[in-house]
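Naming follows writing order (A, B and C), and every chain is counted from residue 1.
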Amino acid sequence: MDVQNLSISVGNNPIVRNVSFSIEAGKTLGIVGESGCGKSLTSLAIMGLLEGTQVRLTSGRVIFEGTDILKVSVSERRALLGSRMAMIFQEPMTSLNPVYRIGDQIVEMILQHEPVGRTAAMQRAADLLRRVRIPDPESRLKSFPHQLSGGMRQRVMIAIALASNPVLLIADEPTTALDVTVQAQILDLLEELKTESGMGVILISHDLGVIAQTCHSVAVMYRGQIVEACSTVELFANPLHPYTGGLIVSIPDAYSNVDELNAIPGRVPTIDERISGCAFHPRCHCAKDNCSTQAPQTIQRADHLYQCHYPLEASS
Amino acid sequence: MLAFTIKRILATVPTLIAASMLIFLFIHLIPGDPAAILLGDTATPEEIAVLTKQMGLDQPVYVQYLKWLTNLLQGDLGTSIFFQVPVLSVIADGAETSGFLALMTMIWIIVLGIPIGAIAATKHGTWIDQITSGAAMFAASVPTFWLGLYLILIFAVGLGWLPSSGYPSIFEEGGLANLRYLLLPSLTLAAPNAALIIRLVRASMLDVQREDYVRTARSKGLHPVRVAYKHVFRNALIAVAAAFGFTFAALVSEAVVTETVFSLPGIGRTVVQSILRRDYPVIQGVILVIVVLYMVVNLLVDLAYSWLDPRVSLK
Amino acid sequence: MMVRETPILETEKTRFLSNLLLPFRGRILASIGLAWLVLMAFFAIFAPWITPYDPLAIEPVARLTEPGATHFFGTDHFGRDTFSRCIYGARMALLIGLGTVFVSLTVGGFIGMVSAYFTRIGSVLMRVVDVLMAFPALLLALVLMTLFERSVINTIIVIGIVYTTTTARILYGMVLKLKNEVFVDAAICSGVGHTSILLRHILPNLISPLLVQASFIFAFAQLQAAALDFLGLGLPPEIPSWGNMLSESRIYVTRASWLLIYPGLLIILSVFSMNLVGDAARDSLDPRFKDDIAGV
């Protein structure tokens, strides 16, 4: 899938500007950034889940299997949802409908996209639960969401997403609301399932540690723009944007003696604040005069994209 | 489920006892001698003395209460002063009218309230939504008796389509066609309550629409109508079911007025007439029956609630 | 209420006023409702100077006169001027509404706050409220009216009692929520007394929701009072209230429909306006309390 120059705004405030990235089958793309930088909106826009809100797509193309899915009709779009592309969300506690049994919620997805009978679908649902490593799937099908733990619910969400073998899975902060030990299990599960099925995965997270574990390539977002994009290895070895540098340095290192956390100074500006020049300059330690007046262009160095006048050099 | 039901029934017992005490004490709150009030202005001192003895009014209050309660449990609600017949049979006389009126009103409320509210919610922000919510609030602002009088003026006096008052039993001549006598009263009674249900359905559907699981449903590629019906409406129904107990209370209050406007021989009009005639045993009896009914309705609402929402029965 | 940044020069008074009017920004219907209520209040206060006739003056020659130049809204079966009686009716409506709001908010507010704050007394008090709430509103009012004589003050007390239970229940819920907030813990930790916590830390947060609730109680009270009047158990019959006017003219409506229409429309428009105002005000409330309000 190829996302080109996607822009989103609420009213007259642009929230996401000219975001472009692409993702191949069998690969995982990480999108990282602080909360409020527009990464979730981007994923909702790709899925077409923004209708009925005040959020509007202002420009861009999303090429999926050869067609621009932002241009196809609403019903064609719906046919893609769930069957070719699926999504799992941040809040497993609230993302399942509390009044229906787990089995019915998985079956609903299967029946929507495949001409099978209910019994067969229920059988498939049990298989799916087994695939996401839920013990005793037959009896779990009859459970209500509130009878399961957060990690279990997220596994159910993954089972629903996988029901029709999508080629693209968008995971929006899939582990943020979970305990650390459960987080690792879910990430491992996603990794295994991706290898099994060969689908592409977009993993959205604010946690570089999570990205480092699972992704092939990374896009770093700040205030609605991708400020740096490259392979995961390259990003950690050789960050060019000062924001990325700050994110990497702020990961607490278990082996060094930490007296002080290295945080990036300042905060993410709110969407209605207008910032001239580079959006990051008020918080940047390498900012010079022209950073506040002139917005940096996207520069490509080998396979490494970045937006900065004064990139960090390989030495750091 | 059974344990929940039993627990819920037991929980109403203290409230029921307290309410019965209040209803019993009510006759003692009236300034003056209850026996004299019961017998009216023309009573002689001898008659008052006899009734005092007969009613046990010379005994301590708690003895009187226990005696009243024992009679109550045996189905004896006392005797009407005005009619000189058991209170229970006075209530039974009005039961058919009030029962059918309530039934027809409930049908109106459900048939009008729920779909209109749901449509307003799915068309949120459009002129359809604005007009329905505005109209619903307007309907909730109309006094019941005024609406009743106005409907009589239009449909009974003006157009002559429907009878303006009274209700012969369906067991008398006319049979089920006699229910047409209840058409205008039930519409009158339903209007403000349907309006409340419209606003409630709309508000709770809008709340549910913002839930994460609705987004999940949409991400499954479901048709919007299916999302609205299976996911949004089904969950919104939980809040609506909870409000039906409240609706019953409003219904009883307004039924008193409606039955008076349309001169229907129901329990509501009996209450008003008994109050005007100071027929205290009937007032006590009817109020008690209504309070018990109200509690039964609330019990049913709670059971419906736990059936609609699987999370409840666990608590 | 919404917090907005305001220039420092603005005085407290103007800010209070603009805050009060904030819910009406962009809401045409609610603004019209507010204007109607202001007009009704004006009529109520200046009734003797506005009315062309004495509302009680009987004029047998002019019985059941149709609306026209001499009598705007026509006359009733005693020849009394309907327009003048309607204007005086606004007085009764205002009196009943304000009286009911006062009784229910003070008594109900006190019971609710005390019950939520001192839980031991609270469990008993709220049980009493529960029992009273087991009686449908109008029925409770009807039964209470049999204990009293028909008078303005008794009508206010009776309707007030009915809404006292609702107010107590609502306030109970809201205070329970606030009790668990950090600022209350902070006040307790700094050694502030119970009364002071209730009055200086909890109550100020409840002013806006209480005002919203008051507008709905005002509206409900009109409907209840009208129903009591109609059943002959409300205000004394000689008092020109909208409900009494409808009650008396009931048997003449086929001949004189104006007797039904004018007082009825006045009740409807006033209740509708109050509901619109309450609805607009509720929308600008702190979302924590929105669901607590019992309104239309």
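What we mean here is this: a contact is a pair of C-beta atoms (placed from the backbone, for glycine too) under 8 Å apart; a residue touches a chain by one contact, two chains touch by 3 or more.
In this text, all values refer to a predicted model and were calculated from it rather than measured experimentally.
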* To do: Take each protein chain as a node, join two nodes whenever their chains touch, and name the resulting shape: line, ring, star, complete or other.
  => line
* Best-connected chain pair, where connection means C-beta pairs in contact -> B-C
* Asked: At what distance in angstrom does the C-alpha mean of subunit C lie from that of subunit B?
  -> 23
* Give, as an integer number of Å, the spacing between the C-alpha centres of subunit B and subunit A. => 53
* Asked: Can you list the residues on subunit C that touch subunit B in the complex?
  -> 29, 127-128, 130-132, 134-139, 142-143, 145-147, 219, 223, 226-227, 230-233, 243, 246, 250, 253-254, 257, 260, 264, 267-268, 271-272, 275-276, 279, 296
* Where on subunit B is subunit A touching in the complex? -> 211-213, 215-223, 230-231, 234-235, 238, 308-311, 314
* **Partner subunit B, residues of subunit A touching it in the complex** => 47, 49, 78-83, 86-87, 89, 91, 94-99, 108-109, 112-113, 144, 146, 157, 160
* Asked: In their complex, what parts of subunit B are in touch with subunit C?
  -> 14-15, 18-19, 22, 26, 29-31, 134, 137-138, 140-146, 149-150, 153, 157, 195-196, 199, 248-250, 252-254, 256-257, 260, 271-272, 275-276, 278, 283, 287, 290-291, 294-295
